[in-house]
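Next up: some structures, all given as structure tokens.
Okay, so chain A shows up in both of these, paired with chain B first and chain C after.
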Partner chain A sequence: MAAHLSSGRVNLTALREAGRRELRQFLDKCAGSKAIVWDEYLTGPFGLIAQYSLLKEHEVEKMVTLKPGRLPQADVKNVIFFVRPKLELMDIITDNVLREDRGRSPQRDFHILFVPRRSLLCEQWLKEQGVLGSFIHREQYSLDLIPVDGDLLSMESESAFKECYLESDQTSLYHAAKGLMTLQALYGTIPQIFGKGECARHVANMMIRMKREFPGSQNSIFPVFDTLLLLDRNVDLLTPLATQLTYEGLIDEIYGIQNTSEDFFDNLTVEQEFMSGIDTDKANNYIEDCIAQKHPLIKILRLVCLQSVCNSGLKQKVLDHYKREILQTYGYEHILTLNNLEKAGLLKLQTSGRNNYPTIRKTLRLWMDDVNEQNPNDISYVYSGYAPLSVRLAQLLARPGWRSIEEVLKMLPGPHFEERQQLPTGLQKKRQHGENRVTLVFFLGGVTYAEIAALRFLSQMEDGGTEYVIATTKLINGTSWIKSLMEKLEPAPF
Partner chain B sequence: MSRARADEEEYWHSSKFRAFTFDDEDDELSQLKESKRAVNSLRDIVDDDDDDDDLERVSWSGEPVGRRNRLPSFQSLSNALSDTGVKNYAPELRRPKAEYKDYSSDWSPKDTVKRMQRGKVCSLERFRSLQDKLVLLDEAVAGHDGNVITAVLIFLKRTLRREILFRELEVRQVALCHLIHFLKETGEQKLLLDLLRFLDRTEEVALSQYREHLNIQDVEKRREFLKGCIGLPFSAEDTSHIQDHYTLLERQIIIEANDRHLETAGQSEIFRKYPRKASILNMPLVTTLFYSCFYHYTEAEGTFSSPTNLKKTFKIPDKQYVLTALAARAKLRAWDDVDALLTTKNWLGYTKKKAPIGFHRVVEILQRNNAPVQVLQEYVRLVEDVETRLNLATKYKCHDVVIETYRDLKDRIQLTAYKCKVERGSAEEQNINSILNNTQIRWKN
Partner chain C sequence: MDCYTANWNPLGEDAFYRKFELYTMEWNLKEDLRECLVAAAPYGGPIALLKNNARKEKSPSARPLLEIYSASGLLLASIPWKSGQLVQLGWTASEDLLCIQKDGTVLIYNLFCEFKRHFSMGNEVLQNHVLEAKVFHTEYGTGVAILTGAHRFSLATNIDDLKLRRMPEVPGLQKPPSCWAVLSQDRVTIVLLAVGQDLYLLDNTSCSVVTPPGMSPSAGAYLQMAVSFNYRCLALFTDTGYIWMGLATLKEKLCEFNSSVRSLPKQMVWCMRPWSRQPAVVVAWDRQLMVVGNSTECIQYKRLTIEVLLDRLVLRRLYPLAIRICEYLRLSEIQGVSRILAHWACYKVQQKDKSDEEVAHAINQKLGDTPGISYSEIAARAYDCGRTELAIKLLEYEPRSGEQVPLLLKMKRSKLALSKAIESGDTDLVYTVVLHLKNELNRGTFFMTLQNQPVALSLYRQFCKHQERETLKDLYNQDDNHQELGNFHVHSSYSEKRIEGRVGALQNAVDEYYKAKNEFAAKATEDQIKLLRLQRHFQEDFDKPYLDLSLHDTVSNLILDGHHKRAEQLYREFKIPDKRYWWLKISALANRGDWEEMEKFSKSKKSPIGYLPFVEISVKHHNRYEAKKYAPRVTPEQRVKAFVLVGDLDQAADAAIEHKNETEMNFVLSKCTASTDAAVAEKLNRARAQLLKK
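Presenting the complex of A and B:
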């Protein structure tokens, strides 16, 4: 069953096994028959670690979704809540617990498993509601990095981008660092760390500090990874906005969306015009038409953000015009979302008066006119001629190195840096002749299937020299990404 | 690996007296049934170093014991924030069990934070001076552990005057962001706004307050609330949007009341024929305009519900107006209205058809509303781009337009081919034939 995890250069089965072990241990602690009450959001990530059969082996007899009201009757000894540490979920749990029939016999024991961390705030909240004492085991399950595929790890943290770039909240970065420490404990210390972006810098700092505080964590495992590359999502805001054109990317984008094929191609045309620098400085007719026809708001937002990024921000007149049309058509309350997009740098005013994007595009050769999708020789095939900036940076890091693109790097947001971690003597990696380096690329804020495809393409290149393993806070596409930045406009259930 | 039942009993009982170590099994402290007594006796040892009478005693069920009834102190941190992840993958980190016996009242802020990170009992009450508190905060921040930072912030929030807390956080970005996030999560709106005002993040204050309107279901109350938002420190553009939002809701309330009355009175034909599917309250502006063009099209500009009034009040651009009105009138199959919308008169009195949105769009909208071919044809004829015109005319069987266009293009082959698309013996067929027979035309093929 774990065949796909061991298929890559790095065997990620060990990581999943460690995750399963921890889960088993907790389940066994709550001895006896059990029912699990699931925070719906977690069923996806958990599904990557363990199947129901594993849970059954540990006496899980029933599984239900977390919701307000009375818990189902199930005749089990234990009821375990698997939840993220969010206050609104604590309210639901409180409701469940308070409605429990204390007269029933036998009584059921309650437990909570916080994923990925316990939270002081949540436990205080439960205490204030008077239910904290009802729980026997309150633990955390550190599901930081989950192996999704043989070369792909994800934290499945949907809110990471918003937290990091809108709220300057470093919680997800902390989890990223912890995930990396776990990875190093299993696969050896990574000797070289490169990074670009503020968040990358924070994660590297955390890693260094964590290592210093636990000196005993120096282990004798032969390092599997040569390099870690930490990349902020906001170094490349463009890639997730464009419609992906690889098979998996397309499926990911199209699923659930009812475009006509005509409209799809119109959309694509406009995107490609923007990405090649055509008419990015004025209000676009197609976008206006779509607003007038009240196409889904997310589609509109993607396009205007794409235009903004390709123009290094929009001129005041154009920005005001779009904003007005959007608010008049979809409702004034969306001013909150527009504000979020501005804060994230996606839809903003052009401040410097000049557009850097064409320079970046030309210097890094992001736009390849002669792309051959059947027999691609460059990563630009994933967007039919556009090479993802993020992957280009990874590619250039391997060869010839970032020194040669210092000027361009400075145009991109955030610091770039290099750190070295000491390896115990004797563990210095000696590469065999012809053996590839292994680089772990960590996207802080999300990664798209197209970028994954591009990195896999590089891995497979003969004489490429480097194989890539990809880690991220979340797998995203333009729609899910923009959605995570939209203000929740419905009032909370409680 | 599951344990046998008999072993379980033994397991639970034997570990009763273990206190705070790294091993996550030792979290039995949270197992109320067996450990209560043991734990309470243990707590005596723990509290030994604290002379502080202010310490709140909290039983394991969470209820405060004793006379004080404040917010629980973070002594509840003693509910082991054990770091199971580290334990599993870095076994060298296990500390000797003896360490829990090592209580000292002299832990520095740095050590305190370290202990908190490992989930050990720590009382912060002993940090009395501002200086100490700040060092504690800085250490917590440097350690990156969110739970520890939160715990320290809760402590500071409780023991520092607000102005001092704000002032100190202003220069500590990470702690500041952490507190803001915390206040948002716990819904402490007032304190959050005070903090933002202090930081002069006035626009954020404005937006944060504006956001609250979403929680107000009652329309009148919401209207009042929005009115109050107008004076807030938004940016110039945003201010006008907020103003519009208020004005719109105000209008909608009036329109809704009137129309509800009209509907129930049963006198108005339009409402009888097309009963309203939903209330107009809280709908976007363009939707409101559509509604107004549908139900109140002929009203004079003076009324709140007339389309022209909406256009003027909200400065709706021509393009948007025509598009919306067109859609509404087309839905009602009011072709004359459609015609009037698209006709302009110049000063000489000559009329001309003009569409600020392009005639192909007009055709699209009309077609979607099942306009009869005669009506559709008129506008297909006006589509500027020849290819588009031909496409649309062919698609929607506007034969006359196709015929005319091929004639104008002098394309004999296409015109001949089109004969099979028209009915045998029809007027259109005759038309084609007569054109084909016209010797004056210089066909290109």
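Presenting the complex of A and C:
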């Protein structure tokens, strides 16, 4: 199972091993048989680190899902809660503990494992409920970046984008910075940091601060990564909205969606028209027809947002028209979802009266008319003509450097920056002739399979000179992404 | 020869002992040690004495006196004892003195009789009082075990991470056990106790009766027990003079012995016989001493490590000597000098004669940013000594803002704590401070504080979303954020259980949206209210569920149920665009199978969506007959597609030929079957050939 992790340029097995070691150490602290009570959200990420057999070897006899009420009557010595540090979950745990039968014999010991970080707030909360003393071990398991593939790390944090852009909650960014510190402890200090976007700036600031907080801890590992590129998802809102046309991307897209082939083709045509800049400034017939026939709402939202992004926002009349059509057809409750999309910048009013997208498209060569899908020579093959903006930024950073695109960078949201982390002379790289550089691209707010494919394509290019490792808060596609931004309003039955 | 053995006395048959004086105790005690509480720290550490403890009179002169001596009897410090009645003294592994009071309070002093802190052994102990107490040491640290007046045991395994455990009850126990001991096995602390001829083992969850292997059945009742320093061996003494020695796990007997002394020994301890390096038990009565041992077990005692030695020097405030030893031994900074400097700084902050500036400066001068130094720990010590200002100054040198926060909160510098928490980027810390502020400040001031800290404000909003939604409204109100207030009301309208409630909340939303100058949202919400009211009527009039359907579905359902007038009314009132209305209506009519109405509708005026949708929808409902009616009305560009859909390949071919469009011709050809459509195919092939000729 570990083979796929060691296949890449950077051996990510070490990261997973470190994760497993930490888990084993914790389990051994709670001597005797155990039951694990899972925060359901965590089962996925844990599955990527350890199989059930590892837990079983450490006397885990039962696993249950965290829910209010009485805990199952498992005859074990220890009950361990594996949870994210969230107050809602603390309330459930409190309920569990208070309902535990005090007369039962033998009594069970309670422990909490916070993932990825122990929380003062939660412990305070438990203390106020009077149950903090019930827990013998309260520890943290810093599961930040989980290796998913030989060149791919994910934080498996579904709501990161929503939290950062809708709620101004930068918790996931703090975890990202911590994860990068762990990564540097294992793979050496990354000498160059580039970034674009507010979140990227924040993560870089935290990394620099965290490094300063431990002046004595001189990292003596030879650096594996040459460069870290931090990219905000909102620098490139376009890419995830488009339908991915790589094999993996396509499977990801159509999984669970039943589209007739004809409709799929029409949909694609409209997407491609928008991306190449055709008729983006007026209400689109196809979108209107889809609404009239009540096609799935997410499909409509994807298309409308795509049009908005490709036009640097929609004219008031067009925007209001779409919004009205959507509310009348799918229900007025979606007014909050529309508001969320506006807050995230996916749907907006063209304020400046100017459409910057054509300039960006031309300068970054986002639209390529002559795509060779059989023998691709450019990353635009992953969207049949459209080259993902995010990946273009990575490509241009490697060669010839961002200085050549200063103007366009200014049009994209958030600051762009460069930081250097000093290395002791002994650790500075002397590159062999022909040796590739290794860049870690961190997508803050999610990455699509097609973007991964594009970066892998760049890694494999013979004269590319750079190999890429990808990190992200979560693997996304347009549908899952839009879904995460939707407001779930269930009317109370009258 | 004689002189070597002259002072050795025989002990049993093959052992000898001798007495010689190592050094004289410097102290000049008037009291009998028997009347004092005494505790000697392990490894030749200090000795604590509490004098006058037994006296009951309350006159100040007769107050008990706590004295601490070095191992050689030099007085280190003394204080009059003003707290509650003491039951037991004991030393921690780090040479702190534990004073256990009758009410279960444990006070901690350092070896200079300076008070450090106190903790309680819990309510049960407070109520029933301490009968006996023992201080014990395990790999987890120093622990305290209490036997209460109710004959229950309570213990804390590590006083630095206090977790009180009340041990299970011993069934039928009416009087105190004759003897008991604390054992540590497999990282679990347990209590072994003897009541008459029975031995009980108490672990966290149960009480079980145990019998040592190879125990003589006629041994009698247990009087005394002793556990070796490392918890491996156990010795039991009974009222028949019988001694059992074995492993503390009670799985193996090492040896037994009949002493033929039946009285209770004054002391029984494990020791190492120097010549055989074998463990043995020393039993002492008033005028008799006995060493018992016969085993192959070899036990290594822990030696004093260099770290412990350094700690001891530091505790005795011999900092320069400790640093010189570190330098001599070339210990790493973190292991050696940093630790000593930190201790020095903690001592320095207690010097009351120097100003805060002087002390802070002196500490920073000496410590700089030496790796491994925690300024927050030194600051905490300064605060413990009542020097808040000094603590704040010291915290300024702490590079880890996360470390500054808890202490700042403790010192009630919450606003400073808030900015430090935000600096750290750790949202958990920010949350912690915010909730702290919430409890500390009045609501107005709290909100004002948040106003200036957007990061904290957004996190608090998230907290309110989950925990107290109503506060959210107040927050938005304070900001005059009418857009969010509107959203808030929309959101709450969905938890209303009555339609009037829903409408009321939505009306609030409308007002807020207007204030926010969001005309679109205001109008849309007004429409929503209008729709809700209409739906209520429909629901009553037609006795069918209409509430909470979208406008589209409402109109669609009206048509399905044949209420065409009402549908028309909604179409007009809500200004549904023609195109969408036509799509909606023909879909609904087809669903209803009302082809007559559909045909009528198609002729009502020119279709804004053309006639291909009519064809498509009829075909979708498997009604080719109806579909054929609309095919000729389709625009020329769509005609080929329409005729193919209705299965009229001949007309499709004609249209394609008329368009002179090769793609269309090929499309129709691909639908032709050789057996039935030969003529059509031929016509098409001919036309295509002609087209290609040109």
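By definition in this document, the second predicted complex is superposed on the first by the 489 of 494 C-alpha atoms of A that agree within 3 Å, B and C clash if a C-alpha of one lies under 4 Å from a C-alpha of the other, contacts with A are read in each partner's own complex, and residues count from 1 in each chain.
One rule holds for everything that comes next: a contact is a pair of C-beta atoms (placed from the backbone, for glycine too) under 8 Å apart; a residue touches a chain by one contact, two chains touch by 3 or more.
Here the structure is a predicted model, which means the values were calculated and not measured.
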Partner chain in contact with A:L5 - chain B first, chain C second, else both or neither: neither
Partner chain(s) touched by A:V304 [first = chain B, second = chain C, both, neither]: neither
Touching partner for A:L241 - first (chain B), second (chain C), both, neither: neither
Touched partner set for A:L440, first chain B, second chain C, both or neither: neither
Partner chain in contact with A:A292 - chain B first, chain C second, else both or neither: both
If touched residues of chain A are counted for chain B and for chain C, the larger one: B
Which of chain B and chain C A:Y330 touches, first, second, both or neither: both
Contacts of A:D169 with chain B and chain C, given as first, second, both or neither: both
Touched partner set for A:L152, first chain B, second chain C, both or neither: neither
Touching partner for A:L120 - first (chain B), second (chain C), both, neither: both
Contact residues common to both interfaces of chain A (with chain B and with chain C): 31, 87, 117, 119-121, 124, 133, 136, 167-171, 174, 177, 206, 209, 213-214, 216-217, 289, 292, 294, 320, 323-325, 327-333, 335-336, 339, 487, 489-492
Complex contact set, residues of chain A against chain C: 31, 85, 87-88, 105-107, 109, 117, 119-122, 124, 133, 136, 167-171, 173-174, 177, 202, 205-206, 209, 212-217, 288-289, 291-294, 320, 323-325, 327-333, 335-336, 339, 487, 489-494
Residues on chain A engaged by chain B in the complex (per definition of touch): 18, 21-22, 24-25, 28-29, 31, 57-59, 87, 117-121, 123-128, 130-133, 135-142, 144, 163, 167-171, 174, 177-178, 181-182, 185-186, 206, 209, 213-214, 216-217, 219, 289, 292, 294, 320, 323-325, 327-333, 335-336, 339, 487, 489-492
In the complex, chain C residues that touch chain A: 163-164, 168, 186-188, 204-206, 333-334, 369-372, 399-402, 406, 423-429, 431-432, 435, 454-455, 458-459, 461-463, 466-467, 483, 487, 490-491, 494-499, 502, 520-521, 524-525, 527-528, 531, 547-552, 574, 576-577, 579-580, 583-584, 587, 609
Touching residues (chain side chain B, partner chain A) in the complex: 1-3, 5, 8, 24-25, 27, 30-33, 60-63, 71-72, 74, 76-77, 79, 81-82, 84-86, 88-90, 92-93, 114, 142-147, 150-151, 154, 173-174, 177-178, 180-182, 185-186, 207, 210-211, 213-215, 217, 237-238, 241-242, 244-245, 248, 282-286, 314, 316, 319-320, 323, 357, 361
